[in-house]
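What follows is chain A paired twice: with chain B in the first complex and chain C in the second.
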Partner chain A sequence: MIKRIFTLALLAALGSTVSAQGLLGGHVTGNVQMDGQMSSADSIIGAQDVPEKLLMNARADVLYTNGDFSAGLRFELYQNPLLGFDAKYSGQGLANYFVAYNGEKLSITAGHFYEQFGSGMILRAYEDRYLGLDNALLGMNVQLRPVPGVTIKGVIGRQKIFWEYGEGLVRGIDGEVNLNSILGFMKESKFRTTLGAGFVSKYEDDEVIPSSANPEMRLNLPLNVGATSLRADLGYGNWSLQTEYVMKGQDPNAINGYVYHPGQALLLNLIYSQRGFSASVQAKRIDNMGFKSVRSQSGEMLYINYLPAITKNHTYAFLSMYPYATQVNGEQGLQADVMYKFKKGSFLGGETGLDLHLNGSVVYGLDTTVTGGAGTEGYSVNSGLGETLYGDVSVEIAKKLSKAVKYTVTYAYQVFNPVVENEPGDLHHNHIVVADVLWKVNKGHSLRFEAEWMGSDSHYDANDPAHSDRRAGDWIMGLVEWNIGTHWFLSASDQYAYNDGIGNYYNFTVGYTSGATRLQVGYGKQREGLLCIGGVCRLVPASNGLTFSLTTSF
Partner chain B sequence: MKKILFTFIALILGGAAWAQNAKLPENITLKDIDGQSVQSSVIQNGGKPIIISFWATWCKPCNLELNTIKDLYDEWREETGVKLVAVSIDDARSAARVKPHVEGNDWPYEVYLDQNSDLKRAMGVVNVPHTFILNGNGEIVWQHTGYQAGGEEELIEKVRELLK
Partner chain C sequence: MKKIFIGLMGLMGRVLPLSIILGLWSCDKIEEGEYTVYDGAQVTWTTAAASLTPVQRVYVEKFTGPRCSNCPTADATLSTIHDERVVMVSINHPTGQGMPYPGQPDMRTDGGTVWDKWYGINSIPAAYINRDLSQQYLGDMSNIIGDINQALTVQPVIALEASAYGGLGEVDVVIEMQFVKDYTQPLTVTVALVEDSLVYCQLLPDNSIDSNYVHNHMLRKVATGFWGADVDASGTAGEALMGRVDFSVDSDVNLEKSHVVVFLSDKATRKVLNCVQCNIIFEVEEK
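For the complex of A and B:
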């Protein structure tokens, strides 16, 4: 220890000397977050006692930048992890470190890095602290920008999983060209064209996986698995079309049941937009695209790629109570979205104008015929639709009543298949209405009221596994939020199952914000459920008690 | 590993103590609203202040903030010359929604997409909305997280202070 302190002092002195001479300067940025939780048992909502009394997640990111050079560190602590975070996170230490050079034409990162090719369907290394997900690659990342409009990326590394790294080696290369930038005759063209292509390969040692046909025999596993992406981003005037097609070679793994069926996926986005009006249609089809760096890994860790959910990311409590999670083994779906601003003075717009937002999405499984188990092709895909997985339509109207009062009213209808969460049961059909009113009382105070209702054909029955979902039944909710100046807020809310359901979830929160620092303390009951971000979900158990969160950026 | 940590801390303590205000990182790759790659150095305002607002299509307070500022933006620009740059952190799921969202809401801002969160990480942002004010030299002089009704007044007041 003494030796270390000595080293530290020496280095500090050295650093100071160098900087005093003007060789070193630069600056430090970063952020700190601490989240704590206390919870006690509540049999109605299914909350368990926490033997440690207090759980805490914390992290600090520090980034040092000096001109084109930067270096970063992240310290993480889980003592012990918050409810819903994997117990394998328990502990503390250095979770991320890197050094990077970011020049005009060349960027190099050595250490941990995050990267994405295209829409991420063949490679996306990312982290989401709220999901407890960190797929960082530890290795090298090089990005070349030889001329404006051309980007070439190369990556190599191994993926982070909790405090360790997966055995599989991930390598990838990707190129993107904007034709308008590099072709003289396209410079002034109204056609906007960007083309891209990428290739990712995973290498993993052989292992013994028994064949389903004959348990005496082992599978002949591919040690290298490749995935390719082709994409185009086209535009003309108010129109744009983004498309990406990806395919993956034979990749028997734990998520697909060790079948040899190749993978593919297609994503299409067609958009028309002008000032005050936009319309878009999105289509997606996925067939066996679960791509992990370790073939035996199930769960949400070690994904090399990312398959975005096609449904809208709803934010109101009841609209997001049954979130949709991407089915990596197979799904096909559509989403359509329209936004329109009725101008002031128009028939529907009235004196202050009116905003209309329509959205709908539908997702089906693939229609497949099973042809065998582990060690075979597994299944073949027919052209029709499989079972209904999810569907929703929503209408949202936002209007200003006066300078001080704004309201939003939303109606939604939703169909949810519990199979999305690997749970038994029938389809849930839900009607949801939300009213949200913001009232700026005066310069220092504003109030927000939210009222929600959900009517569902599902019901709760503790003795029937097919009806054990605590979200079932008819619900009402009320919320009041009081903002005092720009620093303080207080809120109180309650969700109550008034028919066919169970649970009364009340919450009180107080928050204080000053600059980039925010402290929030809450007390109440938290629903058991899936926390989903971007179609990736984490199961959060019910909790009952105190939570607090502190974040600051510097 | 520990050595790396110690060296790093030492460099920071020793080296950065004399540092000035942090600047906007220059060579981070973003996409403009038409999907073309650009470097973060394109964020310029001819020596006048810049507001950088990190947001996402699904973030309600972000939308409230940007919609509120929209009605004041012409006045702000005239008075202070400030420019608002809205950086979306929408990922692959909702990135395609950014352009229709911006145009559907009729936002007058310069908008960039930070799909891989490179700029978000480089600027130490945890949650959206997160707003920065850059002075005429591109130095970060103020930052704020979250938005509550009335927050826009505080924001423009900080910009006005720069011009005094």
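For the complex of A and C:
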């Protein structure tokens, strides 16, 4: 009912004449995206037949702004959802609506909103259409900026889950102060200091969950679970240090096995940056920080918080074949990243210069001693390292051979533990080499060639559950991409498991772009695997057939 | 500027501690040792004189739901049983076809939900005899009658009888048990309240909805812990015990159309060894 009233009110406000601009002095913008998929069975790659023949995800966002006022809505359609998207998305309707006032010192949003406190470790309401993730809060969001440099946020609402809302009530308050803005003597200082603190609480009704140790007993559940964050963003000259510590009260839930061990996490990020050189070291330790608004909810939905990944988000196919999924129950890790530009005329830079990028990360589990199951403290944490979950080192060299030709060569070594995907099996050790050449043939025309190789000690065996991962084995890949003028592009690629693996994944794509509109049609085979963005993952099943995508904005 | 700064510091000085105070205040803290609770009624045991005549009864648990079109067929099958030695309990499935229609009574119970999850019920109707996991009965349950009759031929290990007294939203239950043979494994006793003649919507096999459907044996409350209360016995043949338990009943339960079900289970396997049901006797208040 509220949705209908809102829609009617918005349409009335827009008037009967819909055009891109000039409505009642306001401004209308929007975008539309349609993704379709047809797939047929392929027993080798594990693709299933699609009974509907055609699957489609589509969405249309409309935003109306008029001075400090804005209102928006989003229509979504999943008829039926693309492979890998939860079947609970099936349907269509108004998925998001809001009205907002955004003044100089006060902002208020009523309806759906996205928000983040600090790095998100106690609250991050966000949407990622490619992950099929939307945990928008439906409620109120108020932000106060009494003076420049001071922001106070308050939120209350319930989280979206598919077409419904979780039963848990989420409340939060966050304050952030930039000392350089409010302290006169620091305005010109090289020291940059921003301090912040936040608190998020969720309330959920009681329910009956039996104790595993003593089945005739039920859990005495905390109905209000809180998480507190303290953070600082410090800088001096070329240096900066971002740090956040969060703690969470007792939160027995389905992810942690209903144990009462409190949660905590620490994130540190030290950065040095100057022209032509940057280096950073990142450290993270998480202990039982899965924080959901519904305690019995497993999977990726209804997370109140977000735990940033500290492994590199690779883009090349084989480098991203084994992405790292953040382990919310416990992990600790380090990442180091160095970028250096060898100047033109230097020994390594030659005539055109050379870019060097080094990255390394390692993630371990926590060293824990299990003390019980549901209805107990659960475990204690020791000071050592747990099992190896993930590690990679990569070296990337990028160089221009001439104005028309540029190449990038990457070598990476990865160690991957299938346990991060809740799968059995041994550690995978992978060596990966990527060569990428871009040739600007003439104005408007370019060709890109990509060759990849991956050697792995893993192997595929359909009859052995511990080796049923279709990503296993040694692989080669080739890709050619041709950009024709400003409108067309064509690409062809093939990934082939030539040793100890299975599958031959070829793809052909043609695309056309005109202004803000882009149409793309592809045909080929998609490998089963995880799609991870920032440590949050979605299983993408194998598919075999046609895909198309249309995007436009106005 | 100085005033602004002092004001701001004052503001932040309040906001930041406030967030921490809110954190402490809005975060429930459960003390160690209180992570689990037994919220069932306590049973007090005393020794008694051996006087019971052993009768073996059969406990039938049926999972049902108002949106389950095949459930009336199962009801019809089970309604052909007129043997008083068969103790029937209908449990409303917690999700899907167990969801109540809008404006209709919600027959889901905490105890029923726990039992449903323990069995791993994913389609209804479904039934079990004496909590024997080796055989699940589905659909029209035409094969359940023979198995119930077979279970009734077993010689009882423990004799069990009960009587219940009600009034003012309270029920007192007296349990009598007597070991016929040695049984030294730990036992639990479960006391539940079951209501008959409940009228609310039910989906029928032809997909029409009968708003006057009569539901019987509906579980309304598990009075003891969901997995029962411990039986304080040595388990030697001839040993007799009397247990007493009293519990309150929500106002939406019609006690006059309810009866009490008591069953004894092996604590480890949860198999039911014997059971009994009794009507509630209403005590006349003295003026």
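Operating definition for what follows: the second predicted complex is superposed on the first by the 531 of 554 C-alpha atoms of A that agree within 3 Å, B and C clash if a C-alpha of one lies under 4 Å from a C-alpha of the other, contacts with A are read in each partner's own complex, and residues count from 1 in each chain.
The rule we apply is simple: a residue touches a chain if its C-beta (ideal position, glycine included) is under 8 Å from a C-beta of that chain, and two chains touch if they have at least 3 such contacts.
Being a predicted model, the structure only gives us computed values, none of them experimental.
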| item | value |
| --- | --- |
| Contacts of A:N507 with chain B and chain C, given as first, second, both or neither | neither |
| Touching partner for A:F277 - first (chain B), second (chain C), both, neither | first |
| Which of chain B and chain C A:S296 touches, first, second, both or neither | neither |
| Partner chain(s) touched by A:V225 [first = chain B, second = chain C, both, neither] | second |
| Partner chain(s) touched by A:R124 [first = chain B, second = chain C, both, neither] | first |
| Which superposed partner A:T151 touches (first chain B, second chain C, both, neither) | first |
| Which superposed partner A:N269 touches (first chain B, second chain C, both, neither) | first |
| Chain A: partner with more touched residues, chain B or chain C | B |
| On chain A, positions contacted by chain B and by chain C | none |
| Contact footprint of chain B on chain A as seen in their complex | 4, 7-8, 10-20, 24-31, 33, 61-66, 68, 70-73, 94, 97, 102-104, 107, 114-116, 119-121, 124, 126, 143, 145, 149, 151, 176, 178, 180-181, 192, 194, 233, 235, 240, 242, 269, 271-280, 282, 306, 308-309, 313, 315, 337, 339-341, 355, 357, 438, 440, 443-444, 446, 483, 485-486, 489, 511, 513, 515-518, 534-535, 551, 553-554 |
| In the complex with chain A, residue positions of chain C that touch it | 1, 4-5, 8, 11-12, 15-16, 18-20, 22-24, 26-30, 32, 34-40, 110-111, 113-114, 188, 225-230 |
| Chain A partner contacts - residues on chain B that touch it in the complex | 1-2, 4-23, 25-29, 34-37, 39, 57-60, 64, 91-97, 99-101, 103-106, 115-118, 121-127, 130, 142-146, 148-151, 153-154 |
| Touch list for chain A against partner chain C, complex | 146-147, 150, 152, 171, 173-175, 177, 182-184, 197-199, 201, 207-208, 210-211, 213-228, 249-250, 252, 260, 375-377 |
